[in-house]
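Both complexes shown next keep chain A, but they swap its partner, so chain B is in the first and chain C is in the second.
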Partner chain A sequence: MLRRIGLYAGLALAALTFIYPFLWMASSTFKPREEFGSLALIPAHFTLDNYRTMWARAPFGRALLNSTMVATTITLAVLVFGSITAYAMARLTFRGRPVLNAATLAVLLVPGQLTLIPLYTLIVQLGWIDTYTALIVPYLFNATAILMLRQFFLQIPQSLIDAARMDGMSEMRILFTIFWPLSKPVLSIVAIFTFMGSWNEVLWPLLVVRDQQLMTLPQLLTVFALGGGAGSVGVSLASAMVLVIPVVVAYAFLQRNFIESMAGAGIKG
Partner chain B sequence: MPSVTFDHVRKSFGDAVVVEDFDLTVADGELLVLVGGSGSGKSTILRMVAGLEEVTSGTIRIDATDVTQLPPRARDVAMVFQDYGLYPHMSVRENLSLGLRIRKIAATEIDRRVTWAAGMLGLAPLLDRKPKQLSGGQRQRVAMGRAMVREPKVFLFDEPLSNLDAGLRAQMRIEIGGLQRRLKTTTIYVTHDQVEAMTLGDRIVVLADGRIQQIGRPIDLYRAPVNRFVAGFIGTPPMNFVEGGLREENGQLSFIAAGVSIKLRRDNAAKAKNGEPLTLGIRPEDLRLDTSPDRAAGAAPDGDALPGRVVLVERLGGTSHVHFDVEGGGSRLMASVSNDQLPDVGDTIRVRVPPERVHLFGSDGKTISNST
Partner chain C sequence: MAAPYAVYLLVISAYPIVFALVLVFLRWDLVTAPSFAGFDNLRMLANDGRFWRAVANTFVFLSIHVPLQIVTALGLALALNRKLAGRGFWRAAFFLPVVISGAVVAILWSNLYATDVGLINKLLVKIGIAPVSWLTDPNTAMPAIAVMVTWKNVGFYVIIYLAGLQYIPRSCQEAIEIEGASAWQRFRYLTLPSLLPQTILVVTLSTINGFQLFIEPYVMTGGGPLRRTYSVVLYLYTNAFAYQKMGYAATIGVALALIIGAVVFIQRRVIGKAEAL
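This part shows the complex of A and B:
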């Protein structure tokens, strides 16, 4: 019993060290300037001024909308195109399939920074600077997602595909009516990773978007905070909160699938 | 109901030939069983009829229609898979009706067919369950129901019973047979289990290494196998084989092997040459155990008696299997006998080999003569 109490106390302490900075940040956004020195989690004088200031100084609402639109589009595209590609790679036989597999894997070996400049040049040539297209198109396909989906699709029994073909389904229909419902765990993992990755992306938007109206949230935040637009710690933190909340909400929605698939990753369904 | 015609069908994967010159017509309403060991090509043949596997050369026709190049959905055949292939996320009702919905059949007609199949297969109370909530036998029935509601031209069964336990397998075997007779749908049934083949098939095709060994009614394959492979494959327990040769002395033909001398009738061995290496085959149920101790060796009126030492007795209930070593030789044989006078392990016994029950095979494995 004592051991158990000790164990839980230890775990609680560990949890606290993780959650405290976040809670402090969250609560500090509601504190007036004078209170920032305090480590207390409950503001002595509750205020929304930080958020009002932030909202007034830069188009955060618009940026939030931009980010949501860009991240959602990219996530949907990665799921749809990724699973179409993965299905073909996993379950169809065609000339050049081994090359396609190897090429997809090879893409992972190239660091993103390396392709940044050629990609940028390409976007300039296409005249896509300061457009949503520049933010979205380079991310429509994702090699990691394709490989994860392919790995999962390989484990679905062949007889399901055979049965579906006998039932008269096209390959596309097999993918979306048979494979997708059976692949919820891996689809939600891919969705979360893609959404978070796209949501948190700063470097690429900084390169291709200069118009404030088109900026994504982290980009605007970076420009705003680093450019000194915030003016105070409270306002900086408030904008950081706006950035974090959608990701937390998305995670909360998908976490059951997420944890299930992490736990079941090594076990054959 | 239509027939299925294979016209010199061949299938290879790269250099490996899986099916060679498969040429056969499945008659209208017939239940044809393809039987063979693993790697015999039987499932590949079925999958080629289904359209799930491409034909390397040759043609497959259903009725007069050449379906060789048609996709599965255009062939109007339905298949029952070894592991059922039920959609795990759909209810039994959805599993049954999906193929019909895809074919845009009217909802009332779908309802009628689902109700009909569910009634026939005892699935009515299970229609809203998911496959995971069903037992193996119930899943098997759903898989059959899915094929039935399609009302296809041809049923294809790919080892449908091999995932069931023995009792259920026997029961489902009877159900499938009964169902096929009632529906009169042309059916091709693949199995590695020769009991299923014998009990279900109007005709059986025995396959080995992608080639047809023999086609015939079950009883014909049992009585008159064309080669040693078919002889060993059809019949439970399997036929005994003894390697040896033929000898003629004073006008009497005998089969001679180590410790074995069996007098044969002239018509047994008409085509065999003196001294040619031969294999003698005798079914366990054709051996007669002679347990009376005072008989003289080799003098039984209806054939020769082999002296043997019992090494194992398997009591199955109705019959028993007596395994014995032929004295003075290396052959181990098995006799299937009734339970009246069972010997014990270690006993010396005499086993009569009725000459009219003997099969002879040449060195190439082909049958020289069968039992008469």
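This part shows the complex of A and C:
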């Protein structure tokens, strides 16, 4: 009995070290400057000034739109293009298929730092600096997603494809009307880790975007905090909240899917 | 149907890999035309104290981060592997920092580590310990970052260990209990060896992750104090973005890829040897 109490006390302490800093961050954004540094979670003088200042000093609304637009486009592209590619690699025979399979595996072994600079020079030469194109195009396909989808598509019975072909269905229709409804679990896994990867990415935007109006949230947040634009801790943390709140809300509802997705993608990537 | 992907692979993956190797021999500021640099970039890299400082910093980071990551992840996974009320809640709590952006975590922890008003020093003072200048003391800055990254990622590795724990056959567990093994012996001779594949994975992934350290020093310390938290990727970024040295930045990227490959290879050999003993 004593040991069980000890176990729960230990777990509660551990959970607190993971959750408390975020609660403290949230509460600090509602505190006036003088109160910052107090351990209390409830502000003595509740204020929204930090949010007003943050919103007025840098285009966070625009950054929220940019991030949402970029992450959504990339996620849809990875799902649609990834499925088409994975379907071909799993269920069609064509010349070069083994090469494509091997290349997809090889891509996963190459660290991103190796290709970062050459890719950056390519974007510069294409004149894509300060465009959404630069933020989106390099992520239109994702090798991890293709391998996961391919693995799943391999398990769908051939008889379904044969029957559909007899009915004169095109391969695209087979993919989107027969395979997709059967593949919801893997599609949701791919969607979550792709969206989260894009939402949190900061190094690539820092390289290819300099115009504040085009910056994604994590980038603007970094530039804002480093450039001293925030001016105070409360303001800097308030800007971080814009990035965190949508993620925490989604995580609260879909935590099982998040854990399955992000842990699964990490193992393969 | 796979043709667009083949084109993508050629342009976004294959071409940059090849061009990285070309850039190693070029001098290029992206404004004027690139010129042939011979072995200048490689010679510069070999003698560049700042680059090797960054590599050494990474090893300091790894020597704290990797063991700490294994111990914390394994400990939490073992706790979660028992019959527990609210298991989903505990798991979700540990995983929370994994879903939060690294930029946010870095900004949050800069404030937690702050010398005068930071939460951590406030707590230390409460229990009668003198405050520490976590991020401004050259000796504590990198360890502080290593602890933070361990905290951010531990939930991810807990999931890996939990998956491994499910694969230990019940019959083995029962057999070792009938033999009268103590809790420590069960852990030492059954659980730990059974989890070797997961441990190798944790070592490999946390090592690769460590070499990719960027946003944390960029936001928290700018690479200081005394360049003690300068990371290789931060140095690469600075060369490309601030100094406009594409050839040299690409050289750093190639070197980093080779170092990662070598370190992961050696780790696997060593762990493989340890297993044979």
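To be clear about the criterion, the second predicted complex is superposed on the first by the 234 of 269 C-alpha atoms of A that agree within 3 Å, B and C clash if a C-alpha of one lies under 4 Å from a C-alpha of the other, contacts with A are read in each partner's own complex, and residues count from 1 in each chain.
Basically, contacts are C-beta pairs under 8 Å (C-beta built on N, C-alpha and C of every residue); 3 or more make two chains touch, one makes a residue touch a chain.
Since the structure is predicted, the reported quantities are computational estimates derived from the model, not experimental observations.
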Assess the superposed three-chain arrangement around chain A: do chain B and chain C clash, or do they fit? fit
By the touch definition at the top of the document, which applies to A:Leu207: first (chain B), second (chain C), both, or neither? second
Counting residues of chain A in contact, which comes out ahead: chain B or chain C? C
What is the contact status of A:Arg165 with respect to chain B (first) and chain C (second): first, second, both, or neither? first
Three-chain overlay: angle at chain A's Cα centre between chain B and chain C, nearest 10 degrees, stands at 100
Please indicate which partner A:Ile178 is in contact with in the superposed arrangement: first for chain B, second for chain C, both, or neither. first
Answer with first, second, both or neither: which of chain B and chain C does A:Pro157 touch in the superposed model? first
Given the touch rule stated above, what does A:Gln113 touch, chain B (first), chain C (second), both, or neither? second
Once both structures are overlaid on their shared chain, how near does any Cα of chain B get to a Cα of chain C? Whole angstrom is fine. 17
Once the two structures are superposed, pull the chain A residues common to the chain B and chain C interfaces. none
The chain A residues in contact with chain B across the complex are 157, 159-160, 162-169, 173, 178, 181-182
Per the touch rule, the chain B residues reaching chain A in their complex are 47, 50-52, 71-73, 77-79, 81-89, 98-99, 102-103, 146
Interface residues, chain A side, partner chain C - complex: 7, 10-11, 14-15, 17-19, 21-22, 24-25, 28, 36-37, 39, 81, 84-85, 87-89, 92, 94, 96-97, 100, 103-104, 107, 110-122, 124, 137-138, 140-141, 146, 171-172, 196, 199-200, 202-203, 206-207, 218-219, 221-222, 225-226, 233, 236-237, 240, 243-244, 247-248, 251, 255-256, 258-259, 262-263, 266-267
Can you list the chain C residues touching chain A in their complex? 1-2, 4-6, 8-9, 11-17, 19-20, 23, 28, 30, 76, 79-80, 82, 84, 88-104, 107-109, 111-112, 114, 116-119, 122-123, 151, 155-156, 159-160, 201, 205, 208, 211-212, 214-215, 218-219, 222, 232-233, 236-237, 240-241, 246, 249-250, 253-254, 256-257, 260
